[in-house]
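To start, the structure under review is shown below, and the notes come after it.
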């Protein structure tokens, strides 16, 4: 596939993260995460076509099951059960968040990070975009107050790392990929259980009311 | 050739976990976990003896050299003592129903769940340290986080949920950053052997042709990532919350076993970065974060109000001192490793005694714990000797290791050494203020003097005795291992 | 040979024998200045004789310290009297003519006097001791430093060596005079003379030395009176023989000894005259102005020492 | 004096004796811990072994001091680098071992009886354990020959004495005093560790001997830093004025036989190490060190005695006197250091001998006074001197021993205190005569402060002895006081006898101490200024000479004559009538007597500029209306603790403020925690990638 198409997929991931910053509703957040995982899925399939390595196909299938179907499903079921339509707001208001997003992307694209972004000089722009998605998803966790959005932030951070790995040609052997996916799935299950426990104890998913533990 | 012993440890631990999962009988659960951790202890001693004699062994999936052997020893000892302790501790807690549980059946399932996760946690730690590939090491460390999440929220109270949540979120971010760092180590690699298993050994040998700048960035991600797990200064915020909410034996396992494991992984990466970039870069990083950790820990201990958080900050401070030890190099590394061994044993003993305090006083607030010497004298003596040991009073080894680390550092960084000594004094003053306030004074009226559980005292006494013995007589095999580490890292 | 024995004996008994005479002379001069006839100069001897033969009353609160304090205080004055240069500057009887030994031996006397004052448990004794110890503490600095000045000038702190070097050398006139003034102030303080304490009064609020020996009677009072007389003579001897060391017998021959005795008598009379004049013309200072006076004495001596080089 | 032939056998024997004494202490300590079920046996066991061990220590030290020559050996090999239990006992450490063993011998004898009143209250085994460990720590401090072993011994000593200070833990003040003590000691130790590390940095080793041989490598500014660290570190332990605030709290809190050991001996370990560093390890030192020591010494002695005067708690008064006497020792040491750096070794030897002699004397009479105070407190169960009075009638022996101790400490001639102060004066006078202008002024300041300290100490001990033992009992506590038991009296009697013997035999002692001085490399070729001609000790060319035995003899003879004459010759049949004291007609209540506060009120008012006293009067009346019939009138005279208020309090508040600000980073907000990690990541990345 042409780099243009890869660029397009990466831009989708980038946009989903920006959307996650903005969205008010949890359902939309989950939907955005679904699209993101789909983009990762396509990327994996594309690298399968390039290298013709069967294992990549198998991994893509696993990714599809875990990230595209299972995760959003869990979350949707969670939201329906506890009617958590509106996710908690963010710390910074909208314009400020966008300013920070812009600075982070600019920083990621700056020549300062050149040693990382041109590991493979060819897709230098792709790598810097993947790096900026990483910074953005990190900032997402910092900015959002809702527990669910923080979980999604972490999952999108994981997705952006995987994207960076794919573009920087750091694919792993089959065993490692499976191990990583297994971990992510276990982590998903535990996170959802925790969210339901938080909801049961605190009545809302707003992280800021968890303030009791301080010096 | 140690494959068999290693597999034996893992199999026994997994079997214990499985058994706890299946059986309802509480006695069986306790005995099986005890047997599993006992086997782990014997096997790890055997392995470290072999490593001391025959040198490192890199075989397929597992690789154990000097550092891994020492860390395995630490995990095994701390693991065994905390299993012994948790049996009695949980029995006491369930009888006093401190665990916010309703109904006996629900209660038995919580205990079962505790032992399953405990065995899994120890298995994961063993795997994380002995596995030969950095990515697998990452996977198993991630697994330790997951297995302990529920252990922290064991008491099912809002504050323990909050502690567990913060632990989960912050550690997941740290682990993901470490994941990214590990991946960055591989760009020049896969051109070589395709998708073969990239092992530590391979990384070390091909360190020369890695791109220095990428390696620097990678090491920063590794250091910040795994540093969250170890608890260096800016990333330490989860530690006091998690330790103060987790049951005492789990706190002991965290600071006694998990901290050395994460530290060891950072050290392995440090070895590789030093080979490519030269040791100055990693030393500066260690010094800055080490100093920051000691400073923040010293400051907060001065005004802390909860004795379990006090122990958490003491772990942060000791992690900082170990980092300084590794940064100063030469004798410092030998002393830092020794410091790690002493710290794990003494800190676990302190955690066990804090568990006893909690059982007697039902509150973790320093203000509400008074006159411990009259209520539970043995724990009071243990807590006080533990305090003196951890802050570096002579009969115990930490005094020597601190002096060696400082003497290694005085050559190039006199001012840093001076600040560390000053901070150590402030920490001593803060810690003493709380320890003497708790141990002496008039006990509150409603606390009645009761006979202390035998099995609640034996593990901490055993650990303190071991630490005292080690501070005067270091067995030859341990000495050779530590020397190998000092040369290697 | 026998001249040595006589000088040796004379050195020991001279102070106790002539001390009451000095007190008598001072009282006689004061009486004359107040144009009344006053008792004869030998009246103190008669008082002592009378006291020695009177019965004694001891308070039942008193302990053995009260009983043996007079003996210790009196013995101290004799020992000190024997080890300071009176008329012969070579016969060091006790072999400890060092200035510090003298000062600290006198301190034993003050120590037991003060303890005796407290021992009875009366109000006056306690306050007398408190004031006496305050004065003694502050005076000690001046006392040591004044003798030290002369010691440094003559190169040795041994009193007999100091008194051997004849008239004050030219170069040290100012330091010696300053030191002498300092010593005079200390003399008045230590022997409870006028600006510090009125020896004749029994007015509770002002007396220091008298308060401590208020409870004594009979032989013990006699010893105490005699000891304070001895102390006065010791200080006069120190002031005269160390600062005006002429006329002392340098070697053992009867002529020189007689001359020295005469010169010593003249010097003592001059001092008694000065003290009596002083007591008649100035009033007794308020207690809390005395420390300033003693500090002045100390500063005089410090300046004196700094000036020597 | 026979010179002992220093054969190899002697060396081995002396090593065995020394190790035997260390072993006895350890056995005594651990045995006491094991036998703690039965109080009496534990007490007997610990004190018996302490006595045995101190006898061993005493014989070893006497042997070593008399015969000269150093013994150095090490026990056991350790796997830790740099660390080895290596001992090097030259004459100086032998002398300090002598002091430690001497005082611990008598304190242990005293303890056999004294500890009885702790029997049911506390655990005697623990007391025995820490008591033995405490003395063992001091012995090891005096004999260790490398920094690590020294620091181990130093911490054992400090921690053991901490547990002894808080032994009587039912009283909250003792726990607080112990807490303050351990903190100050730890701050001191931190500075000592820094000094040791600096020495290691430049000489490359922790061993005293190799540091001494490589001391030329240490540049001058570093030496000054080491000096300042050593002064702070060891000054905290010895109680020099700015660092002394723990001493008046900690020493009184400990059981009396322990506070005797702490005041008498423990604070000397700081002096020992100062000598070891300044005169042995980093020898060629600048002049200003000696002068600084002199200034510190004079300040400590003067202020120490002034604060002692304001105290009405008998043990705090004695603790402040320890500060004063440490000041006097520092005067001796300072003059020695100044003379040495000005190239006058013989006069330096004089100052050094004076310092050593005063260390020995102070150890003896201070422990005697503390033991006396201890037996008084154990009878009256209070430390407040205002509630004593008239104890001489109930406890005649203790009163006599306390009197001897007070006379010795106020440097009255026949006793040992006088002679060491006399030697210190001689070294200061020598300084005044020989030195030039600003050094001379400091020597004048020093001798002036020593003179005033002597006078004020005299006043303070008249107050202490008078208020405690003389006149009528001022409270009911005194009425049921009984004479202290036999072992207490033996302990005190032997110390009192020692005070007298050392006073009379001071000539011999000076020559022995000069031998100790000459053994040090610094004084190797110093001609000894002090010579012993017949009974006279002559300083310099007849600059000053004294012979205490002759003076004492003359004193006895005249005293005997006077008593004989007045008692038996003049008016032999004199009637002596016992009657009440003169009371101007009113009934004599105990309120009429002078109290400790009343006694020192005039001195406090004279020195109010320094002491800043605050006097609080309050009067209660029978009934509200009439102002003329006061029921009770109380006067409280308090002295403002300047150091705590102006230096230590602000320091504590500053650290508190900083840490509460740092505490806020643990604000409980998860997002903030993640923000810290994010910022840490970005900053490190940018700092690395910036070039």
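Just a few scattered comments:
In this document, chain identifiers A, B, C and D correspond to the written order of the chains, with residue numbering beginning at 1 in each.
Definition applied: a contact is a pair of C-beta atoms (placed from the backbone, for glycine too) under 8 Å apart; a residue touches a chain by one contact, two chains touch by 3 or more.
Source: prediction; values computed, not measured.
For this structure, the chains sharing the highest number of C-beta contacts are C-D.
Distance from the chain A centre to the chain D centre is 70 Å, each centre being the mean of its Cα atoms. Spacing of chain A relative to chain B, judged by their CA centroids, is 31 angstrom. One inter-chain figure worth recording: chain B and chain D are separated by 45 Å, centre to centre, where each centre is the mean of the chain's CA atoms.
Rounded to whole angstrom units, the spacing between the C-alpha centres of chain B and chain C is 80.
For chain D, residues that reach two or more other chains under the stated contact definition are 663, 666, 670, 674, 681, 685, 689.
In chain A, the positions touching at least two other chains are 113, 115, 138, 141, 150, 207, 210, 212-213, 215. Annotation for chain C: no residues touch 2 or more other chains.
Contacting chain pairs in the structure are A-B, A-D, B-D, C-D. For chain B in complex with chain A, the residues that touch the partner chain are 133, 135-136, 139, 142-143, 146, 149-150, 153, 158-159, 161-166, 168-169, 172-173, 176, 179-180, 183-184, 186-187, 190, 195-197, 211, 213-214, 216-217, 240-241, 244-245, 300, 303-305, 309. On chain B, the positions that touch chain D within their shared complex are 165-166, 169-170, 173-174, 177, 213, 216-217, 220-221, 223-224, 228, 234-235, 237-238, 240, 281, 285, 295-296, 299-300, 302-304, 331, 334, 373, 388, 393-395, 397, 399-400, 403-404, 406-407, 410-411, 414, 417-418, 421-422, 424-426, 428-430, 432-433, 436, 440-441, 472-474, 479. Considering their complex, residues 78-83, 148, 151-153, 155-156, 159, 166, 169, 172, 175, 178-179, 182-183, 186-187, 190, 193-194, 197-198, 200-201, 206, 655-656, 658-660, 662-663, 665-666, 670, 672-674, 676-677, 679-681, 684-685, 688-689 of chain D touch chain B. Chain contact summary for the complex, chain C toward chain D: residues 52-53, 55-65, 71-72, 74-76, 78-79, 82-83, 93-96, 98, 100-101, 104-105, 107-108, 110-111, 114-115, 118-127, 129-131, 133-134, 136-141, 144-145, 148, 151-152, 155-158, 161, 214-215, 218-219, 223, 287-288, 291, 298, 302, 305-306. Interface of chain D with chain C (complex): residues 389-390, 392-393, 399, 403, 407, 410-413, 418, 422, 425-426, 429, 432-433, 440-441, 444, 447-448, 451-452, 454-456, 458-459, 462-463, 465-467, 469-472, 535-536, 541-548, 550-551, 554-555, 558-559, 562-563, 566, 570-571, 574-583, 588, 590, 592-594, 598-603, 605-606.
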